[in-house]
Every structure is written in C-alpha cells, then in structure tokens.
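Chain IDs A, B, C and D follow the sequence of writing; residue 1 opens each chain.
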Amino acid sequence: MKIGVFVCHCGTNIEGTVDTAAVAAASREFPGVVFATDTMYACSEPGQDGIIEAIKEHKLDGVVVASCTPRMHEPTFRRTLERAGLNRYLFEMANIREHVSWIGKDREANTNKSADLVRMAAAKLLKNRPLFSKQFPVNKSVMVVGGGVAGIQAALDCANGGLKVVLVEKDTTIGGKMAKLDKTFPTVDCSSCVLGPLMVDVAQHPNINLHAYSEIEEVNGYVGNFEIKVKKKASYVDWDACTGCGLCVEKCPSRKATDFFNEKLATTKAINIPFPQAIPKKAKIDPDFCMKIQKDKCGVCAKVCPSEAIDFTQKDEFITENVGAVVAATGFDLFDWTVYGQYGGGKYPDVITSLQYERMLSASGPSEGHIKRPSDGKEPKNVVFIQCVGSRDKSVGRPYCSGFCCMYTAKQTILTKDHIPDSQSHVFYMDIRSPGKLYDEFTRRAMEEYGANYIRGRVSMIYPKGDNLVVRGADTLMGAQVEIDADLVVLAVGAEASVGATDLAKKLRISYDAYGFFMEGHPKLKPVETNTAGVYLAGACQGPKDIPASVAQGSAAASKVLGLFSQDMLASDPQVSVVDIKRCIGCGKCIQTCPFGAIKEIDFRGMKKADVIETICQGCGICTSTCPQGAVQLQHFTDNQILAEVNAICRF
Amino acid sequence: MPILEGKELRIVGFLCNWCSYGGADTAGVGRFKQPTDLRVIKVPCSGRIDPLFIVKTLLAGADGVLVSGCHPRDCHYTEGNFYARRRLEMLKRFLPIMGIDAKRFEYTWVSASEGQRWQEVVTKFTEQIHELGAAPKIVGAEAEETLKLMEAAL
Amino acid sequence: MEIVNITKSYDSSFVKQVEKESGQNMSHCYQCGNCTAGCPYTFVYDQPVNQIMRLVQAGQKETVLKSKSLWLCATCESCTTRCPNNIDVAHIMDVLRHMARREGYAPVPTVKSFWDSFLSSVEKHGRVFEIGLLASYIAKTGRFWTDVDLGPKVLPKGKMHFKPPQIQGKEEVQKIFNRFKEESRK
Amino acid sequence: MSDSLNYAYYPGCSGTGTSIEYDMSTRAICAKLGITLNEIPDWSCCGSTPAHTVDHTLSSALSARNLALVEKMNLSTAITPCPSCLTNLKTATHRMGKDEFRDDVNKLLDTPYNGGVDTKSVLQIIVEDMGLDALKSKVVKPLKGLKVAAYYGCIMNRPPEVMNFDDPEHPMAMDNILTALGATVLPFPLKVECCGASFGIPRKDIVMSLSGKLLDAAQDIGATALVTACPLCQMNLDLRQDQINSANGAKHNIPVFYYTQLIGLALGLDEKELGIDKLCVSPRKVINDIGAEDAS
C-alpha cells in the first residue's frame, strides 16, 4: 500500500504547539508512507483538493490525516477519498488537536507524540481493507417523545412533510410547561392562544398518532428500523369511549387529589381532566384518591358517565411501534428549591415558585387570574422576586444558568403591575441575561415603564414577621444590606433535566451530561443530532431553552428527519462483524454475548456455525473479544488492526 | 523515537468511541492540560477489548495500559462495558501471576461530558506509572510462556 | 473617591498569600452578595464583606488590611454557610485579621485590646480570669468599664471569682504561647 | 444502655463563672438522666474567639491540649455545653486532619494530639445518644403552658461541614426537647441569628442592636421565655436586657433560660441545684405559671 500523510496546522490550533513540518518529515520514514506534507486547513476546499491531487499524483491507495478528532471530520475526509476514487475505509485519522496540541504546550513532546500517532494510524492503515455498504430500506415514520412545544413543533413539521408520526407523551395531555404559562415574553401574548391551535392541529392531523399518558418501555433496532415498545399507563377510563364531557369530574366526591397541572396550588377531583383545552381531552382517575379503587366505595363516575367509559380494572397496556427515527423532546423540570433552608425550605406558604405564580396569573388557573396569597387569600402589594434559585449555585450542584428565568421574571413583574396597579415588584438578581431579539428592551421596559425595582444582589434569608415575610438581601451596588417587608415571594427556580431523562437516554443509547441533559452530537456542528444515528433532540431536554429556541430546535430536528427520509434506502455501516467459517467451531459463545441478537446459528454442511446478520449488527465487537477461535472479526477493528497500532508504538 | 527518553514512558490507552474518546475530546476542547505520555487507540466499545490486547501491549514494551469506557449502564451498546468489567477484573488478578505489576494496568469509566474527569484520570495514571518507572522487559521464551499462560487463563 | 490604578496597585502576592493561608480560591467569588446579605455585622462594617472579597480579588492589600470590618466580624459563619460557591468566607476574614495583625493594623483598638486581654489572661492562668480580664482591658483602653451597672447583677450571684483560677497545667499553657511566639519569629 | 452514655466533659471557662448555672444544671440533669460526665482533669481554656483571630495554629493548640488529655482518659467522645468551645474543639480536630497542620500544632504541645477524639455538644448527645423518648419517660413535671422561643445562636450548627449536627438554618434539637418536656414551642424566626457574641465589652452598641432584635422577635411571637444553649447568648440577652431596653427604648422583661435548666425543672430537680436563682431577669412568674392551666 502507498500511503499519503497530511498533517494539518488548523491555523495555529495545531501548529501553535506542534511542528507539523517535522511530523510530516518523520512520517516519510514510516512503513508504507510514500508521501507526507503539512497543510494549513486540511478540511477546507483547497485542503481537500490538495489531498485529491496528491492521491492522483502519487498513486496513493491509503491516506492518513493528522488533524482534529475523527468525531469531527472523519466523514468529511472519507468523502474526499471517494471523490478521488478510493474506498472510504482506506483512511485513518491521527487526532493531534484534541489529544495533543490542545492539552499541552511542550512543543517538542507534542511534535514527537503527533508523529507517534501518525505511525500508529499508518500501521493500522496497512491492514485496512476496502469495505462496502449495503443498502437497506427505511421505515419512513418517526416517533416524537414528549409533547411540549418542542415536540409538538417537531411532530407537526414531520407530519406536514408527509411522514407518519407517533407522538408519545407521559402526561394525559400534551402542551408541556407552555400550557401552564399565562403570557409569554417578549411579546406578552397569551400562551394558550399561541399553543392552543398547535395542540388542536396535533389532535386533528391525519399523520399524527398520539399516545398520551404513555412512556417508552424498550427500544430495539437501529436507524431506519427502530422497534419501540410503548407503555400506555392505566387511566381507568376507556379513552376510545370517553368524550371529555366532564360529567364524571363534576360529580366525583373525592376533591383532595393532587393538582399537578396547577402546581399543587389547589386540589382536584380523583377523576379529572387537567384543563379545558387539554389534548387529548380525556378523563383519568388518580387511583390514590379514588374511593372505589381504594375502598371499593363510591363508583359515582361509572354511574354518571354517558359513554360507559369508566373501567376500574384497567391495566397498563403495551404496544409496539415501528419507526425509522426518534426525536427526544422531553423538556425540563423545576429544581426542588426546598433545599434552601434560608428561604423557609417550603415552610412558608407565601414563598412560591415562578411556575405556581404563572398558574396564579392565568385566567384558567385556580384563582381565575387573581393574584392571591396562598396563606390568607389577600392580594399582595409588595412582591419580591428572587432570581437564580437553584441555578448558578455550586453549593447545590447546579452551576449552570437556566437561561430563561431572567426573562420570565421581568415578564412576571409586568404582569403583576397589570393585575395589581398599586403593587410594587422587587427583583433580586445577580446578572440580567437577556441576549435575544427584543429581550433586553423587554427587561428595560419592566424597570422603566412598569417600575420594577431591580436590586443587584442575592437574598440570604426570608423569615416571617407578623403577616408578612421579611426578605433580607444585599444591594451590592449600594454596598448595603437591605430588607423588604414582602407580602409574597416568588422564586425564579432553575431548570433541570426532566425526571426520568437519564433512563430514557439509556434506552435510546444517547449520551447525557452531568446534569442529565441530553448531549448533542457536536456543540456547534450537530446541535440537534445525537451520537446515535436516527435519534434527534428538540427543546429543553438538551439544555434550558426558551420557547423560540425550543420551537426552532423542534423544526431543526424535523428537517433532519425529513432529510434522512429523503432517501428510500440507507447505506449500512460496513463496520460489522464477519465470521470466518473455517475457524468457527460453533461453540455459540458469540451468540450468547451479542447484545443485539445479531448472530444466528446456521448449519454448514452438517456443522453448526455462527453467522452475523449484517443489518442488525451494530459493530460493537463484543463477539470478537469473546470468540475463543478469533473466528468472528469486527471489520475495521480486527485483532490484527488493533495489534498493529500497539506494535507501532511498543515494538521498537 | 516513540517516546521522549527520560521524559516520557510508554503508556497506551484503549478508549471506547462513544464515551471516553469523547471525554478525551471534551478535555481537549476545554484545554485541560495533561501529561504527554499517553497514546490512545480507539475501539468501538470497551467490550471490544480483549484482555490479551493488554497483556500483549505490556509484553511488547508498554509501561502502562489504561482502559476507559462508558459508565456502567451507559454503554452505547447496552452491556459491552459489563463484559469489559468482568474480563478486566479477571485480568487484574492474573497480571501479578505473570510477573507484571497490576498497577501498570487500570480501567476506568469516563463519559463524553467528563473532560475534567479525563484530565484527572490521565494525570493520576501517568503519575502512577512514573512512580513505578520503566517496566522490566520480559523477552523471548519467557514472554511466549507468559502469553500462553494468559491465553489459557483468560 | 480616588482612582484606583489597577496596574499599579494590584498586589498578586497578597492574593496568593490569602489563598494559601485560607485554602480558598478567591476567583470562585462571583460577587453575588449573599455573604453581605446575611452578615449580622454589615451595619457596623466600613466595607461589607462581599466588598472585602472583591478587594482581595483585586489585590488591594492596604485597603483590605486597614478595614475595620475585619475586627468587627464575629465569625458567626453565616457567610460560609450560605455562600453559593462554597467559599469559607469566615475563614478568609480570620486570615485577613491575622495578616492585619502582623502588619500592625488595628483600626478598632477596643476590640483588639479586648481580645489581647483575653488571651493574656489565658496565657497567665490557663483559663480565663474574668475580673482580671476586665481590669486588664480597662488598663489597656483607659476606658472605665462601661458595664458598671452590671456589677450588682453578677457579683452577688457568685458568678465572678475574685481569685484567679488555679490549674496545674498553667505552665503547659504558657509553653504553648511561648513556643507559638518563637515559631512566629522564625 | 447507660453504660454507653459515658463521656469526657469539658465545662469551659464561663462554666466556672458567668454561666455557672449552665454548668450546674448540666451536671444535675446528666446525673439524673444517667449520663456520666468525666470532667477532663486540669483542662485549660480553648482560646475562644480571640485565639483564632490571632492564629489558627495557636487556637488549635489550645484546644488540642485538652483533646490530648481526653485521649489519655481512654474516652472516645468529649462533650461540652458551650457552642463556642465546641467550635474550637471541633475545628481543631477538623483542621488537624491535614498532616502538615497537625505537625505545626503538635510542635506547640508537650503531649501531641492524634486526632482521635469526637467532640459533641451536650445537646447533641441528649438528642442523638440518649433520645427524646428516654427523656420524655423521665419527665415528672411537664412544662405545660410555658410558651418558649428556642434560640440556638449562630455557631451551634454552622458551618454544617464542621459541626455536622442538626439543620444549619432551622435547627430543631432544642425545639424537640422542649416539646418533649411539655412546653409550647413557638416558631422563632431568628433561631440562628447572631446575638452580638463577645462584643459586649468592646462594642456594646452592637449587642444592643443585635440582641435587641432577638428580644423583639421573641415578643412578636408571644413567647414568655427564651431558651438558649450558649453562655454568650444567655449573657447578652439576660444580663444585658436592661441595657438593651434603655438603649432601644424597649420594655422587655423576658427570662432567658438555659435549656438544661428547663429539663431540670421538668425532671423535678431542685431549683437551687439548677441555678435558677442566678438568672438576672426573674423567671419566678413564668415558673409559677407552669401547669396553671392544668390546675384550673
């Protein structure tokens, strides 16, 4: 094999701490290498053209690029090789940026290490073989997991693009957090007026199949052909029959059920529909509070239901959906602020969360849009807002900024003034983060037009005094300690990964960060892709995001899915395992260990042998390291290839 | 020269593509400074790592081998790292029998987001190997013998 | 207020010294003000404690060491308990006091005298001799005891002894002080 | 069980003087509750606040001398009523976990301290080692009708990493004890606010302001007595109550007990033994009213 080596400067990213010319020079001595050069930006157009020219000029049949991580540009350079007429697998990368130039400044050591990495890559390349993809058909339907605004947008865009969509939502209604909001920044238009029509579209769209009150149980398969088991949780109501008339709710005598939709500001009936615009509008029984289920009494709902929809014996049901792609849009949850003892730890009824406040402000909320203190129902005059509660706070393990709370706090001060003209809002903030279009103007308006009193500093404690709460904080700009006698305190609680996000990530085989937010494929280049082909992200599940950003990402994910499905056939990854039938003794060990059931037993002239089903094999190589005969080898990562790398650095 | 004589020792890392290789990239993106000794070999999954690779690497002259994969339960291929753990645990117990200091081999879990953790792992392991110094070379028949023993045992 | 020329007045060795003696990383402070918000003594401070943190970050050695606040901090630990960055603020205040002492600053002389009297009482007797402590404090500050009204409440109840406490380990305690003085001279 | 309630006891300097009633009542109730106190022979002052404001090695050495004495007693746990002493003793052990610091401290000592002593407050062992049920079973005179505010002071539980006891913002140990004794415990919002500490002598104005706020808050919630666990707090609130009144134009007349005194009363111990007569603001009326409802 004639190998060409290209050592990239990446501007000064690599060249700054690696002598790329010296690396190229050293490479010329390595076995198989017939050509080596350094290049300014290997991935740029001239860079790629240079590679193609060299392949032609020097009749190269293998290429090593020493540059950034293969996770970034391996696909780029493989395409370059193809354009030059070479098989894409006759290519190796040496990661001399992320693994060398960026982690140390010792130029001598870096240069030497870079040469070493090239030597390893070249040694492996000598053992590489051309590999060829097979085509397989795609199931052109998509599953969207999570029906918040991001999931709704992704589902509608896909459905409008002609795809069949399965939308899975764990609550009884879609809408997510946005359905709970009163008005939204920066326009202060009514949240349900914006979201409501979209939710109706979901309900009516012929291409969307909605499974509400459902969760993902198990995920099998791979891009183009996922097989997903969905659990439809028992609602004790036959939803095919239920018309959402609400008679049962009206008559149910059990009134103390937890009202999650209203953020526990009120209680609800044991059988309930979370809000009038719910989609789907179906009743569900909370078994913990139902007297029939708990004590075998009552049964009123069953008597009054005109559709005979009540079914106290209903069980969870499992169904299987086959789709070609998945969009995860499971959103966020709120930080549990009660860890802050200094804010009362949940003991003071008039210290509430921002989302509870939204419910209070909402005309469809428990107080019908009137702001009332939970303790005594009085209208508050002095309202204190505390920002960054459970955000930007290392001591509670939440060092990140939640992104949207500065903005919604400003919104809430504006709404407070609208609701109670003689009220005064006070906002304790550390910084105001409002970098969107018309955003900073918005926070300025809260101060300038609505008279919100912004105080730069944190609050150290809240304590009750008579009817009120004393909020003690600092005004760091004034250099003083300040106290406010507040009627109501609203905490801008931060966002955290939604409950169960990590479990879902494991099922989907995608990565998540230290806080449980899903990891994108690349922070800049693949913001909606994941590391698992065919799985995309939308909305706050990837990190805190406001509505415009969530919607944008929903659409972006949908366009990725539509792009994927624009082909009828997908090319399989040829980096799969292959059994050498002569060496295989039919022991079956590989069959047992393969996590994907990709190996089956076959009969070969009366002998048992193993055989890999190419489309199912994911290329993990577990079988390869299990086989006692070395009979099953993962292509592109064979024992010989890996040991060639080992020997390149150790054996001389 | 493969390593800078006197400054570096031969340390080989086997990293899974999805988690630890990503974690090492994240460390790079974060410019988390690390010792220069380590040379990384990328494998799809820690389950791809045959314990014999490690033995062969050590016999071939490496002074240390570091294996890193996804955290238990986070494996991209669902359970590869469980196989890895079982095999590597075994290996760790066998190394001393073969006359290899078990401290020359370490396996750990680093996720793609844990750049900082990767920096710590590399730094600590490199220091550990420098404390042990260059490995005594096992050569010729002796090496063959060891390899055979291992092959039988693992 | 004077212009602070940062290039000239930034004292990096001061920042390093504070970090070394306190074991805290000053750059972790993002000036949220939580420490000041909870500090019961802010009302008598000349610099609120978050500004002390800022001044240390900014390497303004002299301004910090001559601050009265250092002497009015009661080590109540409110700041340390609530700092979102887990900075042991009270520890830093303590360390700054040590440095101020070493450099000869004592902007709240009454407090320093009281602490000094207390310690010399311990040094002399092994335990605090309360009446002796008061006498020594009065002698140092020249202030006649401002609490004369308390005398009648304490003395008849047998709460204060006119004789110093007697402990055998007295010399041992003195040795602690002596060795400490020797060590600090090194 | 009482076997295990065996501790080295560190009374602290104020226990021999200005807070003698705290020491007396502590010893009295421990005897009654089967808690064995072995006073550390020849203990010396921990250095209190002044020592750590001078130097941490010196401060820790003054504490470590006492802890070394405990090691000689072959006891694993030392207890003290005073939160200020407790902080010093605990901080010394905590910091001496670092070898370098430990060596520096031991250089100042005749007998080195190895760090093997666990220090706790008397309050903590009553709640944790003995338990509220055991305490409750020994109550003979429930404190019915007594409306108290429990005030913990600033350093009993803070910083939580060092003190490792109860909640740093809303401690409940005394509240729970007092409830077990039959008293009505009111929710006191300023449980952990500083009283002015040892600034009584050099900066009386500070104490007037800070302790004044505490008395106001106790009055606001309708408490008839304050309960403390700290000699300094007690002194500031009780001994200086008149001074506070005249500085702030207030008219407080609220007795300030040590919680140990109230345990003693509920256990039926003699007032004399508990040093009730040593309190400045007379608790007579409050004590006489205990159980009054019962009688009627």
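Worth a mention:
The rule we apply is simple: a contact is a pair of C-beta atoms (placed from the backbone, for glycine too) under 8 Å apart; a residue touches a chain by one contact, two chains touch by 3 or more.
Just so it is clear, the structure is predicted and the values come from calculations on it, not from any experiment.
Set side by side, the interfaces A-B and A-C show unequal numbers of C-beta pairs in contact, with more at A-B.
Here the chain at the heart of the shown protein, by mean C-alpha position, is A.
In this assembly, the C-alpha centroid of subunit B lies 55 Å from the C-alpha centroid of subunit D. Rounded to a whole number, the gap between the C-alpha centres of subunit A and subunit B is 31 angstrom. In terms of their C-alpha centroids, the spacing between subunit B and subunit C amounts to 52 Å.
Within subunit D, contacts with two or more other chains are made by residues 168-169. For subunit C, the set of residues that touch two or more other chains comprises 43, 78.
Those residues of subunit A in touch with two or more other chains are numbered 342, 461. Within the complex formed with subunit C, the subunit A residues making contact are 342, 388, 392-396, 430, 456-461, 472-476, 479-482. On the side of subunit B, the complex with subunit A involves touching residues 1-4, 7-8, 10, 12, 18-19, 21-22, 24-25, 27-29, 31-36, 39-45, 47-50, 53, 56-57, 60-62, 73-74, 76-80, 83, 87, 111-114, 119.
On the subunit A side of its complex with subunit D, the touching residues are 341-342, 345, 347, 461, 463-466, 470.
Note for the complex: subunit C touches subunit D at residues 40-41, 43-44, 72, 74-78, 80-81, 88, 90, 94, 97-98, 101, 108, 110-111, 113-116, 118-119, 122, 126-128, 130, 134, 137, 145-147, 149-150, 153-154, 157-161, 165, 167-170, 172-173, 175-177, 179-180, 183-184.
For subunit D in complex with subunit A, the residues that touch the partner chain are 167-170, 187, 189-190, 217, 220.
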